[in-house]
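Next come two complexes built around chain A: one with chain B, the other with chain C.
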Partner chain A sequence: MTELLFPPGLLLVLGGLLMPLGLKLRNALLFILPILCLTLIWWVPADYIVTLPFLGFELEPIRITTTGRLFATVFSLMALVGGIFAYRQASTLELSAAFVYAGSAIGVTLAGDLITLFVFWEIMAIGSTLVIWAARHDAAYRASIRYLMVHLLGGLLLMIGIAGHVVETGSIRFEALELESISQYLILAGFLINAGAPPLSAWIADAYPEASPSGSVFLSAFTTKTAVFTLLIAFPGTWLLIPIGIYMIFYGIIYALLENDMRRILAYSIVNQVGFMVTGIGLGTEMALNGAAAHAFAHIIYKALLLMSAGAVLYQTGKRRCTDLGGLFQTMPWTALLGIIGALAISSFPFTSGFVSKSMIAQSAADQHLAIVWFALAAASAGVFLHAGIKFPWFVFFQKDSGMRPPEAPRNMLLAMTVFALFCIGLGVYPEPLYAILPFSVTYEPYTAAHLVAQFQLLLFAGLAFFVMLPMMKRTLTISLDFDWFYRFLFKHLGMAIVSQSSKARSQLEIKAQTSLQRLFDYLEKHHGVTGILSQTWPTGSMVLWIAVILGGFLVVDIFI
Partner chain B sequence: MNEPNQHWLLRKENIRRLWMVFIVILALTVVAGFFVHQHESFGIEDSVGFFAWYGFITCIGMVVFAKLLGVFLKRPENYYDTDASKGEVHDD
Partner chain C sequence: MIETHLSLLLVVIPLIAAPIVAILPNGRLPWLVTLLVSLSCLVLAIMQLWNVADGSIISYELGGWAPPWGIEYRIDVINAFVALLVAGVAAVTLPYALLSVEKEIPTKQISLFYSAFLLCLSGLLGITQTGDIFNLFVFLEISSLSSYALISLGKQRKALTAAYQYLFMGTIGATFILIGIGLAYAVTGTLNMADLAARLPEVEATRTLQTAFIFLLIGVAIKLAVFPLHLWLPNAYAYAPSVITIFLAATATKVAAYVLIRIIFTVFGASLAFQEMHIHWLLLPLASIAVISASLVAIFQYNIKRMLAYSSVAQIGYILLGIGIASATGLTASLLHLFNHALMKAALFMALGAVLYQVGSVALQDMAGLGRRMPWTMAAFVAGGLSLIGVPLTVGFISKLYLILAAFEQGWWWLIVVVAIGSLLAIVYIWRIVETAYFKPTSHSNVTEAPLSLLLPLWLIVIANFYFGIDTSLTVSVSESAANMLLGGKP
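Up next, the complex of A and B:
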């Protein structure tokens, strides 16, 4: 019988902490840890549980479920290939933090109870913040603090929700939860904040593009997809998730269309893609949940590939705005080609991984006769090609000739991109291995003539729309307002106004207090001062006279009474 | 006007050729629609070229909507940086 007592996620967390001890050790750990983690996950059978009594609760630090194993697998893969992409260029701080981050994400996917989940959830927030810090510039530092605030808020809501849930039900098991009281809603809110749901979606596009070229690759994979995993386990079939998911889909498209920073375009499209998954979880049928899980798997790979190609461009040129880029395909042809493969995969182009995963979500909307959802998803699929599938490669690698002739990306970066590009195509052409590890058995057949024709029409005419509308897509040197305006502008200026007004009020009060005190002193001075009437010395004679008058008074009174 | 060492993808006549190829492929996808049956649930998607015009129109719609929204939402890049935290420079 197999025995696994140590959580595989914790292995990456502790290994990550050992990385600063030496460069050789660090580079060895980068490869050994994810492979070891993968081996451990697949070594033990599904539904393997380890329990640990703690403060009267029965913790389950390890519970291997099919869904959890799927996510843990792609997270380990991401840590491995991300490590290949980063190990020559990234700082040790970044790699160490990235492994703590990846390990805690894996910890969440293999957690059997809410307390274990919460502990890993918070380690994830710290690890990811440190990944942003590793970029070591002022804007990144400030973005990371805003990022941390959002995640601490999410963690707080989650903790209140978990505490309430445990008090109400007495169970700490992490399983499908009914939305019965405010506790479950708070848990849902905590999960949704990490998924990038409205209104706080802005943190993704705010923080991820400030990280280093490799940092944003790591960041794109774990936080939002862990949230998708938790929603998938705890809230499948919650109808509320359908409108939230659809909102996220279109939010991502519209903001990406307005955006000029290449990595911010990709960050908005994370919200867009997670929106598809959240919608699928809301639909809640076996096929929709399979679709959401498969899409998360495929998404992590092609999104990382896209951010790797953007990262390689940033690394070689130091530029991140579409207005500064263009024409790079001439000297970075491999980066361009591999980036385009990622762009095709995110657009669900036939024979790529997105095609075999996303279509399951739309199909289950059709099966449930949800016309609005289905039409929205079809329009959104076209919109993905528009905002990420063409816009990203077009403005970065083609467009105009920027005059820059940067050398091709370093070899380790190209290798990492090639591995993921092969996954994008491999899963698209041969989806069976992915289908085999999904939560439910798959009866879906993606490659029908009808589906192929529909998808080609949808995407190619979206492409036509892009080039027809190109004059309207001209990039401008702007950013777009979002919900973060409230905490980056309104609250800041309100705070500053309160500070300046209250200090003005205070100084006026001080002046008023001083004048009235002065008046009191003047009054005392007048009566008790050196010349004041009450401090004068009086002659002895007058005192004797007045005493005589008083005694005389007594005498008179005494006579008559 | 084309420099001899210009990349073939940047030459004017090649761009025109690429457009021709693209239009031919677009036409082919619509023609292919005659030979397959979209058996989904809403009726309209089986009409010829549904996905073609639906994809095209919705994309135009999204670009126009984004453009209109941009009028209200776009701000200069340094919008949040003005009077930003002076003297609070992060020490590397």
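Up next, the complex of A and C:
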């Protein structure tokens, strides 16, 4: 019995839509759907295809590939554990939207053609916008609109690209694409916008922290990783992705280091982590692609874990700024411990999931003798440890005592975090099951003495740097001159210079853009507004005049040509 | 018996029913008769499309006079498709009409209202059925005159001015059409469209014929509200009774678009229109301006009915773009959008009609908080709006997809940009209402959901918006075979 006629992703979407019907039904669906979905994904063998004729094309609403299955698996897992984390605290709207969102993301990973992909892509945009909305406060509402605008733009580029690609090649198959004409570049742009690539990287840090505590957990998992999946399938080995990925890595680090909002730190770190994956896809060797896929898998889990611990803190304290928090380990020890496990995993600490996945990408850069890329990745690893590995737990759970004594997180939240923390450690100690489901067969051995020593050194130095620079991290202006000039130069001045220059330039640009937008708007309103010439009610005579102009013009042109 | 006289019955039933309804006492009886008539028209239209769906052509000789001397009703898949649209919209609008009309029309005019409605229906159906160009003009006048009367029945006094301006413009348009027909008759000596098409190649080069074509084109363009000849439309739609706005927005402009397509492709032929007269140089720029400019105007409107009217002008632009491309895909896109736009605008105007029924106003500020007060109505509005924007799984997506495909075939990137900008602007103007209805505090505490007899037809149309966006087998196959037939190929 290896029949599967119903797209597993659609199951979650429809199930999500049923959730508002009743609380009991909702809670049952929260657990049944992801498990059912997971079962369906593994029910049939790889390369299983269902076709459906539509508008003269052969759609493939289901095509199970090894890569797709990997992503669909972790997405279902995320829906399940995210559901556990959220089911007591989140609103029904949020859970319903989150399941539509998760289901459409799974739909993308199992889509065999570009049209199916696009349909799920758009549902994803709407579902995720609703997740942000569900926080139900003003900032979230405004952020969701900006978010929606970015994604509709991305969807539009994607749609035009797909249409062009279909006309040019006659094929709607979702497979590796050659960057031949503008159509493929548009598809690439559509994917990259969802990945948080420049110049539109800001939407992640803009929108995700505004969602509810559980909402941002869902958000962190699907959109960017779906983009990684599509890039992995469609554009492996595109060199353009290497500089884009490296830019994203450093963009994430620098902004995260200077950020004060704990969830925004983690949001910037999503950009940074996706940067690693995009770089890996750009490298394009089997090991790099394996690394990107494995890293996406591991990243979803530990980033969700981090956001869960941040969410638990936010839920219990109502505070989100690092400067308002601190010392919470005393009353929230489990949240702190589990958050630290996530922080270690994101820093690719040996024996965590981050270590076994990220090192594959760096290794493949070394194998290809791309020294600059390798160096950038190594430097960035240290940077990740700085901003997410230490900064987040340090400022939230330790640091000065904020005096707050919130109770420990609710039990369902702790359970969800524990499950993911076990995954983080389990995959780090015993990575074989993960390696077994990667797109290509793995010959990589993460635990060699050289790897371990190098990684520990890196982490040690980064850790040292953090505590040495702690005063700067607090963004006070007292700097002693006897600090090592290297760290100061590299992280303080260079970083600050880039950020302040770019933010200065950005704010100037924003002001300029705003004024010219306002001018454009005024101009448009003058002509198109209610009293504008194009909108007002015309006297009948003037209406008739237009007829005369058109008729006369046409006749005259016709006579003389 | 019915089989052979299908096309005649389709026109004659509402035509005969109209005077009967006029003498019925005011009350619910006129509505009931009108409903029965439109339902039977729908059944007939479905049967008709069934008969010609395989590409066959039915020729019906009126009174037994053989064409080209007698009037011929000539039904192919295009006629049947448009007739189905008209009859379908009428049949769905009428259950909705009962309460809406009772509220908006003075009781003593109700039987006259339904009588005029039937005349309008008869005229529109007649246009789709006839194969005789003068007969077409007659039906056009029947539908136009009755719609002037219907619009003037609107509650506000501005409805009178709106109807008067529409009358003025419509009459000029009709006159132009008549002049065009006269000139064509002078050259060829025939009024039968198929016969005209056969004889025109002999006289193609003459200036008289080209002038005839221009007059016909401009005349129909006025009826179709092509930018900048659309100036009558916003007020006419804004001030007409809700039911009439729904019906006219969904059918009248669509029938006019059908006439335009017939005249260009069947009667005069694509080669004369595009290779000698270069009408795409007229159509494409005007259509592009319409898409962008009218959408911009829509963004700034505060009367939402008027906003949707401007949106209609923009959407007519899409239909014209497809015609201007003049390829099989382009025409398919036009015919698809003709059908699909009728569905989306019917849904949107029906939702607005329900708002007007409950709130008494369609001004933007009066819609604040309606998302909670009238959840079903506003949900339907959002669904219709999504369709208008062209979100996948709705009909709007299908027609825009085909339009973009057609533009790609020609390699016209600018046209894709126009369509894209149009979609983005549609997001903006639909968004304004969603924002007001869902995120502003309500100003009316005692407003409740609309009655079921308004909601059911509304949701029927909303479901159709999604059904035809998912199962496109009917619309796309009919449009494609119609487009091939129009371009002279095999269906």
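Couple of notes before you dig in:
In the analysis below, the second predicted complex is superposed on the first by the 473 of 561 C-alpha atoms of A that agree within 3 Å, B and C clash if a C-alpha of one lies under 4 Å from a C-alpha of the other, contacts with A are read in each partner's own complex, and residues count from 1 in each chain.
Basically, contacts are C-beta pairs under 8 Å (C-beta built on N, C-alpha and C of every residue); 3 or more make two chains touch, one makes a residue touch a chain.
No experiment lies behind these values; they were computed from the predicted model shown.
After overlaying the two complexes on the shared chain, residue contacts for A:156 are found with chain C alone; chain B is out of touch.
Using the contact criterion defined above for the overlaid structures, shared-chain residue A:361 touches neither chain B nor chain C, since it reaches no partner.
Once chain A of one complex is fitted onto chain A of the other, the partner contacts of A:141 extend to both chain B and chain C. Of the two partner chains, chain B is the only one touched by A:374; chain C is not. Comparing chain C and chain B on the residues of chain A they touch gives the larger count to B.
In the superposition on chain A, contact is made by A:382 with chain B only, not with chain C. When the two structures are aligned on the shared chain, A:558 is found in touch with chain C, with no touch to chain B.
By the document's definition of touching, neither partner reaches A:300: not chain B, not chain C.
Once the two complexes are overlaid on the shared chain, A:328 sits clear of chain B and of chain C alike. In the superposition on chain A, A:466 makes contact with chain B only, not with chain C. Overlap of the chain B and chain C interfaces on chain A comprises residues 141. Of all residues in chain C, those touching chain A in their complex are 161, 164-165, 168-169, 172, 176, 207, 210-211, 214-215, 217-218, 221-222, 228-229, 231-232, 234-235, 277-278, 282, 293, 296-297, 299-302, 310, 391-393, 401, 404-405, 408-409, 416, 420, 423-424, 427, 439, 472, 476. Contact residues of chain A toward chain B in the complex are 136-138, 141-142, 250, 253-254, 257-258, 327, 329-330, 366-367, 369, 371, 374-375, 378-379, 382-383, 386, 398, 401, 449-450, 453-466, 468-469, 472-473, 476-482, 488-489.
For chain B in complex with chain A, the residues that touch the partner chain are 7, 9-10, 22, 25-26, 29-30, 32-33, 35-42, 45, 49-56, 58-67, 69-70, 72-77, 79-80, 84-85, 89-90, 92. Contacts from chain A toward chain C in the complex involve residues 54-55, 118-119, 122-123, 126, 141, 152, 156, 159-160, 163-164, 166-168, 524-525, 528-530, 532, 534-535, 537-538, 540, 542-544, 546-547, 550-551, 554-555, 558-559, 561.
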